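Presented sequentially are two complexes of subunit A, the first with subunit B as partner and the second with subunit C.
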Partner chain A sequence: MNLDVRSLRTFSRLAHSGAEKAAGSLTTLAGIDTYVNVTKVELGTKADVENEFAERDLVSVHIGFSGGLDGHTVLAFSPESAERLVDALMPGINATDAEGELAESSLKEVANIMLGGFIDGWADYLDTTVDITTPTYVDDENDGPLDHVDAEGFENGGDDEHVLVFRNQLEAADNAIEFDLYMVPTASSIGTIVEASGEDGALPVESFAAFSEMINDGANQASEDITAMTGIDTTVEVSRLSFVPIEGVPMSLTDAVRRGVVLEFSGTPSGYIAILFDEPSAENIASSLLPGMEGDEAMRQSAIQEIGNITTSGFLDGWANALETTIDISPPKHVHDIGSAIIDPLATDLAQSQEYAFLIDSTIRTDDDEFTCDIYALPDETELRKALRKLSPAA
Partner chain B sequence: MQVYTTDTPAARSGRIKVGIADYAVSGDESTLTTSGLGSCIGVALYDPETGVSGLAHAMLPEADDGSEPAKFVDTGIELLLSEMRAAGADIDRVVAKIAGGSTMFDFTSADGDGSIGDRNVAATRTTLDGFGIDVVAEDVGGSHGRSLELDSQTGDLRVRSAKSGNHVL
Partner chain C sequence: MASKVLVVDDSAFMRNLLKQLLEGEHEVVGEAENGVEAVELYRELEPDVVTMDVVMPIRNGIEATSEIKSLDAGASVIMCTSVGQEEKMREAVEAGADGYITKPFQKPNVLQAIADVIQAEA
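What follows is the complex of A and B.
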């Protein structure tokens, strides 16, 4: 099975318009403005997707679909967002007490309407019929968040099964309710959609999986290097490759203030990297690198730049090895600003030559959440395609 | 096939969120918001008589043929104005407040024409001038990000930045 940028664009548009239909139906149903923030086509291992559900304690409703297309859709909320949505649908009902069952059934009803609308668009595009199952409610007590998602993935010779996930971030009522609409098609259904949109210049799906594994390795190396340098015990929470409309790149971040570094890398591929910490994490880094010292702002900046350098090298060195090339990095520039505004100039620079971007994002953190570091890498699309070609099984 | 539709549901609450490469118009008491302007530019337009206002968040100065119009300053402003006109605004009365267009990094890709931020600000002035619209207030350039809130009743544009806090244009 092969994937190309054109079919990824088709996927992205289908998912986005489906999500807008779903958002519109919630607006009608609940009378609360609902927007689609970002639509991403994500490629990752099944374990990554499961981790994310588990980490965020998500409450979710699952609906399967079959017929012309097979797979699963999931509407996932944080427990707080689920509560607020239930409250908007049925004021006065408390989602956490004995009326929980009623809350559950109203979430199922919402999911039924939203996910049904989402899937309809795909069926129309493929000129086929798709049946959906009745909704299943899965709460955070559940062990396997993807237990109900029995979509088989595809393997890359290794143990890790990869899945293509269509993820739409939606928000309602002034960010008070945030939720994700996921669609996970089976591997053969991905094939069906790819066929419908053409395969010109397509790359084997395995090379995307190989790239995704390379990102994972890079994130693990970066995490080890941070731990070695600061003594803070960190792990990689999530690491993924996604395909996003270019304007969706900054929109994946909030306007919370972040501190960190931005740098350019050049080689095959070239692009931009941003290593961002929330403010408490940046303070933790500075104090662990400057033990017992009342560092001034200049010293804190240089500590952040140093950790930015280390993290970037850890993250990218493995790429250079896997791609048998050299990747040069520029000196890190310290940033302390609104998160989405930091990423905006990076995406805008690429927007001059491309409409979509491959966004690589990894989160490295401590178990207690006291330290979180987000790595965003934005490679140039044409060069990334060259890099992916090198990773093709036939290469 | 309805693959390219981007119809946003009609707003019922008091806030309308404008994404990146996006714009929105309000004819009532709503607040229009947009966040994360780095090199991007925010263009707030306001007709004081009717209270019809609009906010655009554009990424790049000039559109090529066939590109998504809301992504660009020139086509984005044109679209915003035509929607404001449809909502009852008189373009002769409309005034503009602009914010954003900063230069946060010195990228190697920047050529002799200046940074994208500077080019966005210049394209905004040229486009507005072409429609005979005055820029009555601005907070542009620099090296920091901004988020905006346009009060469509008063035309006040609140600018939030990480370094210099909030102020109203």
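What follows is the complex of A and C.
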């Protein structure tokens, strides 16, 4: 099966359009103005997706679909957002109450209407018929968040198997309700969609999977370098490749204040990378590197810049070697701002030459939450396509 | 035997770290934070060994190494880099680097790299 950037753009537009339809359904159903913040096409592993669910302690409703397209859709809420939504639908009912059967039922119905609308959009595009299953409610008391997304939704069902996920972040701003709408088509269904959207300049899906592996290897190398430098054991929690409209890139970060570095890299591919810590993590990192030097802010900033520099090199070296190329990096620039404001100028620069971006994000953390490090890389789309071509099995 | 070392890195933290690693083993006679300063201090201090970062503003470590080697073909320069790419290492060797150490630094590796270039010079 081949994928090309045109297909990814079509996927993204379709998913966004479907999500807008779903948001409209909720607005009609509950009178809650709902918006689609960002639509991403993500390539990761089942384990990555599950980790994210587990990390965020999500409540979700799953609906399978079959016919012209096969796979699963998931509507996922934080417990707080689920409570607010139920409250908006039926004031006085508690969504997480053990006796909240009515609340569970209302969430299932919301999902039924929203996910049904979402799938309808895809069926219309493909001029086919898609049937959906009855909704299944999943909360944190169940075994696993994606247990209902079984082997049919993933290529081989293994945790390391790569999967293409369409993810839409929606928000009902006035009610402070945020939720995600996921669609996980089967591999054969991705082929169906690709076929319908054309294959000009297509690359085997294995190229994307190989690149995704490369990202993971880079993140592991960065994790090892951080451990070597600080003496603190770290692990890679998640690594992901997303295809996202360029204006949606800043929305991929929260408005929490972050500290770290931004670097530009040049070669094949070129682009930007940001190594960001939340404030407590930045303080913990600086203290571990400079014990007893709490008062020397300039040196602490230099230490954070240097760990950003080393983390970047660890992250990108593997890419350069796998692609048999050289990737140069600029000196690190210290940043301290809300996450979206840090990423915004990088996306704005890329927006001069591209409408969509490949966003690579990895999270490295310690077991005891001593610190968390987020890596965001934004390669130039054209350059990344060249890189992916090199990873093609036929290359 | 203790050698005179010029430490070149744009990161104050890394210069400080290298000074700590070399303390009691070698004498750090100067510090530079870019390639231009490195060449000036090399002329002035005539160190036995230069530890040279690669990615620096104003002038990078590979250009500075090339210039130092053109001033003094016998200069001993160790590249200190987190960039472990083979191509970058080849550029450093072409510029005249006598050895390299990879960040994050381990004290034994730093001391061994200095010992190696001093021995080769002898």
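Assume the second predicted complex is superposed on the first by the 378 of 395 C-alpha atoms of A that agree within 3 Å, B and C clash if a C-alpha of one lies under 4 Å from a C-alpha of the other, contacts with A are read in each partner's own complex, and residues count from 1 in each chain.
Definition applied: contacts are C-beta pairs under 8 Å (C-beta built on N, C-alpha and C of every residue); 3 or more make two chains touch, one makes a residue touch a chain.
Since the model is a prediction, treat every value here as computed from it, not as a measurement.
When both complexes are overlaid on subunit A, subunit B and subunit C end up sitting side by side without clashing.
Within the superposed three-chain model, A:D337 lies in touch with subunit B and out of touch with subunit C [touch as defined at top]. When the shared chain is aligned, subunit B comes close enough to touch A:Q352, but subunit C does not.
Shared-chain residue A:P379: touches no atom of subunit B or subunit C. Rounded to the nearest 10, the angle at the Cα centre of subunit A between the centres of subunit B and subunit C is 90 degrees. Once chain A of one complex is fitted onto chain A of the other, the partner contacts of A:T326 are limited to subunit C, with no touch recorded for subunit B.
Once the two complexes are overlaid on the shared chain, A:E247 sits against subunit B while remaining clear of subunit C. Subunit A is touched at more residues by one of its partners, and among subunit B and subunit C that partner is B.
Contact with subunit C, but none with subunit B, is seen for A:S313 once the two complexes are overlaid on the shared chain. Shared-chain residue A:M299: touches subunit C; no touch with subunit B. In the overlay built on the shared chain, the residue A:D225 is in contact with subunit C alone; subunit B does not reach it. Between subunit B and subunit C, the shortest distance over C-alpha atoms in the superposed arrangement works out to 12 Å.
Taken together, the two structures place residues 330 of subunit A in contact with subunit B in one case and with subunit C in the other. Within the complex formed with subunit A, the subunit C residues making contact are 10-14, 16, 55-57, 81-88, 103-104, 106. Put simply, subunit A touches subunit C in their complex at residues 225, 228-229, 289-290, 298-299, 302-303, 305-306, 309-310, 312-314, 317, 320-321, 325-331. Listing the residues of subunit A that touch subunit B in their complex gives 10, 13-14, 16-17, 20, 23-24, 27-28, 31-35, 37, 121, 124-125, 171, 173-174, 246-248, 250-251, 253, 255, 257, 262, 264, 266, 330, 333, 335-349, 351-352, 355. Of all residues in subunit B, only 1-13, 15-17, 19-22, 35-40, 59-60, 67-68, 71, 102-105, 107-109, 116-117, 144-147, 160-163 touch subunit A in the complex they form.
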